Every structure is written in C-alpha cells, then in structure tokens.
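Some structures to go through are shown next.
Both complexes shown next keep chain A, but they swap its partner, so chain B is in the first and chain C is in the second.
For the complex of A and B:
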C-alpha cells in the first residue's frame, strides 16, 4: 500500500534534514506505527506521504500512485487526520462533514453515523467553534473517515485527549482495522503503538532505527530485565534495573547477589518505551 | 460540482463572519449619508475675480444685459483684504512675464454678482467686481481662484484675459477659452485628441451621485482585495486548507470559490448604493458585468499577493502600499483639474472612469468592454500565477 525508499526532507536551505534517508513498506491491511519523540520527523513523513509537502528526495508510492506525478484522484482512497484539529469553526459539525464529503468523487459515509461513532451525536448542528479541543479533534477524526479510506493517515490520534475519549478513538481505529483498512499512525505514545500497531518503526532525529512488531520487540528484549532491591550498608533500600543481555549489568547483578542482602528480585517485561530507550538512547518525551 | 459546493461553503462562512457585514454596513451608512445629508445640487462656492477694463457706464450696460438674461443676480458688496505679496505673472500669449510686489496690506469693498444655474435656479459662482487689475492679481494669487480681465472691444464683443495658477490642465484653459472667447469648432480637434471627458454642466453627476462611482470602484478594488486576503489567512490559521489539500478538489477550485464569494459580496454592497441613489439612470447591463469582472481581477490580485506571505501581519506592508495606490486615482476624480498622465496607469483609474460614464448612462461601450476584457484576462492570468504559487506554499 505504501512503499518508501530513501526519503529525505528538509524545510530550509541549511541542509538540516527533518527526515533523513528513510525507507519502509506498509502492506495492505497493516497498521504501521511511527514511534518517536517530539521533533523526530513523524509529521514531516506523513506530510510527504499525503502530498502536503513536496517530495524532495526519494521514491514514494502511496495507494498505487507514484508521488513524483501529482494525481489528485488518489485522495479518493486516502483519509487524513491531522495533528491540529483543523475544522471550520464557523460551520456546524454536520456542515463540516457535508461540505467535505462533496469534495470527493467517491461514495462517502453518512455524516450522522460518523458523528455518532465519535460520540458527537446530538451536537450535529452546533458550530465547531463552540466545541472543546477534544470535540474538534473527534470531528476532524470523523472527517478523515468520510470517504471509506483504503489508506488512513493518523497523526497523533489520541494525543491530548482525556482517557475516555482516547478509548473511543482507539475503539474506532480497531474497528477499521478489522475491516482491513491500511493505517499509518504516528505517535509518541508507546501504549498506543503497542496496542494498535502491527509493526512499529522507531524514529529519532529523522532516521528509522528499527522496524519490528511490538511482540518480537518484547520477546527479544523483554524478560531480560531484572529489577533488584537490596539493603545498603546504612540500612536503606537501593533499587536497580539491570539488563541480562549486557555483560557489565550481568556482572553487577552477580556482585549484588553475592555480597548484598536481597529484598526483592524479579524479572520484568520491558515496555516499548524502555526498549525504545535501549535502542535509541533517547526517551519518548 | 465541487466549485458549487465550495462556493456554498464559503458563502455560509462569509454570512457567519464579520467582513461580509462590514461591507454591507459601510454601504448602508454611506447610503444614509448620501440620501439624508448630501444635497443633490449644492450651492456653488466657486469664486471668480473680475476686472472690467472699461468706463463705469459701459460696465453697467454689460451687467444690465446679463441681469436681464437671468444669468447674473446682483449680490451684497463684500469687504476683501489683501496681504503684502510678491509674485510673477506670465503672459502666455505674448510669452512675456512680469514681477509684482506689494508691500502694503489693502482692503477694498467689492460689488458681487452671483452666477445662476438656469436649470436648477441655484447659485453656481460668486463674481467679485474689482476696480483695478492689481487688486485682481493679488486676490487671484492669494486665493487660488480664477481671475478675469474683461475689456469690451471696438467691435462690441467682450475680450477675456484669464489669470490662472499654472497647474490647471490644458483642458481647463481650453474650456475657459471655448466658454467665452472662441467657438467650440476651433477647439474641436484639440479636445478630441485629448479624449476630453465632459467637464461642462450638461453630463454631470450631481453631488450625491458623484459619490457612487467612487464607492463601487473601492468596493471592488480595496475591499475585494483586502477581504479575500483576510479570508485566506483565516483558513490558513484554522488549518482548513490542509484538509482540503488532501481531497481530490484542486487549488484552483479553492481559489475560485474565494473570488466568487468576494464578487457576491461586492455585488450586494454595490447594489445597496447604486440602485437607491441612481435609480434607472445607469446602464445596468454594463454595470454588473463590469463590476464583477473588475472585482474578480482585484480578488485574484489579493490571492496572488497573499501567496507571498504567511500571515496578515507579514502581508500588511504590501497590503497597505497597494491599497494606497488604488486610492490615488480618486484625486483626479474629485479634483477635475488634476489629471497627470502617470495616474492613468493605476488599475483603479480606468475603472473609475468607466463607472462614472456607466452611472450617467452615457458609456463609451467599446472602451468599457475593452477595459472589462483586460480585467478578465489580467485577472485570470493573476489567478493562474497565484495557483502556481499556492500549489507549493498553501499548506506549509
């Protein structure tokens, strides 16, 4: 569905690359996550893939269209949800969806049904300007599904939403996955990536460090952490998390076991975030 | 159709916004001012100084005749004061010039004659009758009003010598010449060549009507240009442009829908003024197409200029300079004697001229159509240029 080869993108002429030689593929029906800290280049990648940013360098095919030739009709197959909840504040929720639907040359979904889906039923005729941030976000999210997209771009779909609303959005995304929609999802939330993505790419400073399924990642790196609590000489409790794959950590663990009073010790499954830190040397926030 | 839907959306937003009502309210206020506060035929405040170089008996005889005709009505004598002054007077006919210098202030009492407009019965001009040519020169110099030295010739005709200020256009002097001294036939050629617009009393918009061409010109140019930019930046701030960019709708559809909204707004606000004030007088069949074509071009220019700036704040300098440039031709319109050639290169100049003619119902149709076509073609070219630029910059 998406094929990216050696994509680079720069905003200025200073040679600084926001995206630096990135390659990946997304198969049909797959949910592909871009996980990385702020400023990593996630939105920039989505911008190029959705045609908002001009393709500068690399080869990109999206939904069967080579991005070097601009074909507007490809958007009939694509849905895009943005980081910013960009709806017309002067139009009602319903009008926002209706006018948007008119811009497609493809069948579109019933706006009422979509508003219901994202929990905005009953607010159809209120102007988006009177909505809270979360409501606007849900409206923009609903809008991205209007044209039954085969390929769905979601930029931070749950960031800044309260947990209940985030749960609604996650539910909708899962339902679309079940229907076979291919999804490109960017986030800096590892729980979202873990829960929703078939495969995850770790992106830092514009480059992809690794691509794998959350499960493989956890199998490879999980259960390989040992959390140990022991008594110091002064009687206080010290706590350390040590990696069993690291030679230094193993020796340290052996040393603690030999010479200290152990309070608790158990192996622990690494979260995606911990794995992210191990691999990239960087946190997600 | 996408354009129709986009247009409906933009109109809905415009109706719920601020700018649409600003235009309509401005039009309504102006309409109220024009209808309630502006007299259609205001009294002329023009002054002219005259010195009759003849014996009092001859002068009285001449006036008796003019009063008899109804052209002049005797007025109250007025006290006139003169300050010390020095200046130079050039005689164009002789090609000579003379310096004058007066060191003493001076006060005289002057008889006045009121020149009347026979069709409206209103005063057009006050003529001050002076006793010396020196007084005439001093008063004409200090006030900037026209002075005339009149001498009855041996042939029984009156000979006029006019004191002008030197900045009047040739047209003004020609008209004065034609008015008194020569026949119009003599001037015919010269006037045709200059494409003289009628300055005479025949084809004149009255005081109320003469505000209308100005308003409709500025509704399309200034307001159209400004408001289309405001709308565009509103969309940019809300980010709605990005959402449109990821649909099959084109940038062109988007830009066209914006210009159509501006055209509709200008259509409404102009009608608010034109129909009540002008009634059936204008050439409406020409007025509306011309209004729409010119507004289209000005809105396209607004979009093009907007493509160079990220926000209204960034664009403000350019916006301001262009709006001032659009306003300049109004000076020529308001001050008939000020009409330098360079002003004609400002796009609002021909628009103002055509609207004036259209309001009189006396349009030079081929000229108006040529201007209309030029604006349509130019507007389309500018819109294409804006489209090319926006394809790259609209969404970042």
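For the complex of A and C:
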C-alpha cells in the first residue's frame, strides 16, 4: 500500500536533512507505527506521504499512486487525521463533515454515524468554535474517516485526550483495522504504538534505526529484566532495572541481593519506550 | 463537472460563514448604504441652480419673475434673510431699497452668483425675458450629473477593492482554523480552491455594483460594459486579497493590508481627473486608471465598445502580468 525508497527531505538550502534516506514498505491492511521524539522526522515523512510536502528526493508510492506525479484523486482513497484539530470554527460539527464529504468523488459515510462513533452525538448542530480541544480533535478524526479510506494517516490520534476518550478513539482504530484499513500511525506515545501497531519504525534525527514488530522487539531486546527495590544505608529506597543477559548487570544484581535488604523484586518485560532508548540512546520527549 | 461542483461547494461554505460574520456582512452592505447616501446628498443635474432669498412682502410679479430663473426661498424679515445668507451654502438675497433692489450677499460667494443676481435684476428692471434671446440652442442631450457619475465611479472601484478584502478575510479564517491543510488532502485541486475562494468576493461585488447603480438611477447604463470592466478590474484585487490573506495573521492585519490598495486606486482617480491630456500616459501602468476611465465613459454615456474593450484589455494585461509574478507565492502559501 505504501512503498518508500531512499526518501530525503530538506526545508532549506543549508544541506541539513529533516528526513535522510528513509526506506520502508507498508502492506495492505497493516498498521505501521512511526515512532520518534519531536523533530525526529515523523511529521516530515507523513507530510511527504500525504502530499502536503513536495517530494524532493526518493521514490514514493502511496495507495498505488507515484508521488512524482500529482494526482489529487488519490485522496479519494486516503484519510488524514492531523495532530492539530483543524476544523472550521464557524461551521457546526455536521456542516464541517458535510462540507468535506461533498469534496470527495467517492462514496462517503453518514456524518451522523461518524459523530456518534466519536462521541459527538447530540452536538451535531453546535459550532465547532464552541468545542473543547478534545472535541475538535475528535471531529477532525471523524472527518478523516469520511471517505472509507483504504489508507489512513493518523498523527498523534490520542494526544491531549482524556483516557476515556482516548480509549474510544483506540476502539475506533481497532475496528477499522479489523475491516482491513491500512494505517500509518505517527506518534511518540509508545503505549498506543504497542497496543495498535503490527510493525513499528524507530526514527531519530531523520533516519530510521529499526523496523520490526513490537513482539519481536520485546523478545529481542526486552527479555530478562529485573526491577529491584532495596534499602540504602540511610534508610531510603533505591530502585534499579537490570538486564539479566548483561554480565555487569547480573553481578550488580547479585551484589544487591547479597548486601542489601530487598524491598521488592520483579522480573519485567521492557516497554517499547525502554527499547527505543536502548537502541537509539534517546528519549521520546 | 466535478470541479465545478466542488467550486460551488466552496462558495456555499464561504457564503454560510459570511452570513455568520458581522464584519463580512458590513463589508458587503457598506457599498449599498453609500449608494443610498450618494443618491440622497449628491446633486443631480437639476440641482445645479442659483438660490435667491426674497422677503414675504416682495411684490408678486418680481417674485414670480425671479422664480423662473432661480430657486426662491422666502423669509419673514430681513434679519431672517441675513441669518440664512450667513449659512455655508451660496444664496443671494434681494431686498427692495427705494425704487430698486439691494442684493445682499455674505461676501465669500463665487463671482458667478453675484453676477447672476445682478443680471437677473437688470433683466427684470429692463422688462426682458429669456424669450427675447435670438440665440439658437445645440444640445448634446447629456442627462447625467457629472458629480454623481464620478461618485458612482469611485464607489465601483471601492467595491472592487472590497472584493479583495472579502477574499483576504476568508483566507485568514482558513489559516486561523488551519483548515487549508485539510482541504489539501482532499481531491480538490488548488485551482478549484482558488476559484472557489474568489467567487464569493467576485459575485458579491458584482451584485453590489448592480444594486448601487440601480439605487443611483443608472438603470439604463450599458450593463455588459459595466460588468466586463468590473470583472476585469477585480482580478487584481483577487490577487492582492490572496497575497494579503496568506501573509496576515489576523483579520485586522488583512483588512489593513488590502486597504493599501486604495492608494493606487486614489492615485489613478486623481491622475485621470487632474492630469492634462499630455501627461495621462504617466498613469497607464495602473489597471485602476483604465477601469476608472472606462467606467467614466460608460456612466456618462460616452463609451463605445472599442474603447471599453481597449480599457478592459489593458486592465487584464496588467493584472495578468502581476498574476504571473504572484501565483508562485499564492500556491506556496496554500500548500
């Protein structure tokens, strides 16, 4: 569904690349997570794939369309949910969806159904300008589903939402996955990536460091962690996470067990965030 | 067909938003209100008259004679007449004094009024009338007030400028809501978006021009000529509207920027009206000069198609040149 070969992109003429020689493929029906900290190149990559940024270098095919030739009709197959809640504030929720629905040359979903899906039923006739940030975000999210997209771009779909609403959005994404929608998910939230993605790519400083399934990553990098809490000499509690496959960590663990009073000790599976830090040496914020 | 449907959908959306935006409503209604104002206060061709003040006890034959050649106002006393003469507009008083008349004026009137009053008095004393004239009359049949025509012309150019402001405000709204990116990921081409965003300003301005001219009594004007010149002169303000909207962060900044278009408009009007024929060429660079000139000829019923087409071609040519320079910036701004 998406093929990216040697994609590079620069915002200026200073030679600095926001995306540097990136390549990956996304299969039909797959949910692909693009993970990295702010400024890593996630949004630039998504900008090129959605056509908001001009393809400068590389070969990119999206939903069967080669991006070297501009074909607006490809957007009949594509849905894009932006991180910013970009809706017309002077139009009602229903008017917003109806306006965009009329712009497609393909069958579109019933706006009422979509509003109900994202928890905005009953607010159809309220102007979007009166909505909270989370409600606007849900309206923009609903808009991205108007055209039954075969390929769905989601940029930080749950950022800024309260846990209950985020759970609703995740439920909608899972339902679309079950229908076979291909999803490109851009996020710095490793928990949602872990929960939703079939495969993830770690991107830092414009380069992809790794592409794999969350399961494989955990098996390869996250095995045999032990989280131990013990008492220091001054009575305070110290906490350490140690890898039992690492000789130094094993000796350290043995030393703690021998010489300290253990408060708690658990074996632990590494999170994607910990694996990301381990592989890239960088945090996600 | 699909593109036309999308353009019309964008127009419908913009119209809906405009109906909810008090600033846009004011912008669209203002020219009509100004036309009403011009119609009420601008002098018509029959209003270019001399005013003469007479006392109530003025002899009937004298009062009737003066009323044939001037607009007469009557007063109960000399003091009342003098108070009236002291007001800002021009009026001369005629008060009996001995066997003749004394002409009373404020002192700052133009010489024509005083001379007219003196000639009128002399004609009355000599027992003459206009029927004694042996001069024949050759009339070109001009029936349009020149002042009203100029005011109407200025109003048309102001409406053209407001069409740019309407577009500019629409673009600022899209920017503040960050909705251009959402349209960019829909199957709407940039051309369709630009045309759609221009239509509200264009159509509302054309409607305003028609309504204003009807209010001003120009129902018999050559409408195809007026609409042709209106459409061609709008192209430049569309470009200015887009550029200003894309470079502005709020409504006030956009409105201020578009108002700067008034400078070349005012300059073009001044150039056309004040420069002698041998210096008119210095204004040929301005599309508003050609638009004002064409409108002037149309409104005063002196226009012919070759001249109007030449003016429209000049407006279009200059606007096209500016468009070719500006379009990369507009496209980049909309991306």
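Just so we're on the same page, the second predicted complex is superposed on the first by the 251 of 285 C-alpha atoms of A that agree within 3 Å, B and C clash if a C-alpha of one lies under 4 Å from a C-alpha of the other, contacts with A are read in each partner's own complex, and residues count from 1 in each chain.
Keep in mind that, in the parts below, a residue touches a chain if its C-beta (ideal position, glycine included) is under 8 Å from a C-beta of that chain, and two chains touch if they have at least 3 such contacts.
What you see is a predicted model, and the numbers here were worked out from it, not measured in a lab.
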| item | value |
| --- | --- |
| Fit or clash between chain C and chain B when superposed on chain A | clash |
| First, second, both or neither for A:72, with chain B first and chain C second | both |
| First (chain B), second (chain C), both or neither touched by A:16 | neither |
| Which of chain B and chain C A:51 touches, first, second, both or neither | both |
| From 97-105, 115-123, 133-141 or 151-159, the chain B stretch with C-alpha clashes against chain C | 115-123 |
| Those residues of chain A which chain B touches in one complex and chain C touches in the other | 50-52, 54, 72-73, 75-76, 78, 80, 82, 84, 86-91, 95, 99-100, 102-105, 140, 143 |
| Residues of chain A defined as touching chain C within the complex | 50-52, 54, 72-76, 78, 80, 82, 84, 86-91, 95, 99-100, 102-105, 140, 143 |
| Chain B - residues contacting chain A, complex | 2, 5-6, 8-9, 12-13, 16-17, 238-240, 242-250, 392, 395-396 |
| For the chain C and chain A complex, residues of the former touching the latter | 2, 5-6, 9, 13, 16-17, 20-21, 173, 176-179, 181-189, 335 |
| List of chain A residues in touch with chain B within their complex | 50-54, 72-73, 75-76, 78, 80, 82, 84, 86-91, 95, 99-100, 102-105, 127, 140, 143 |
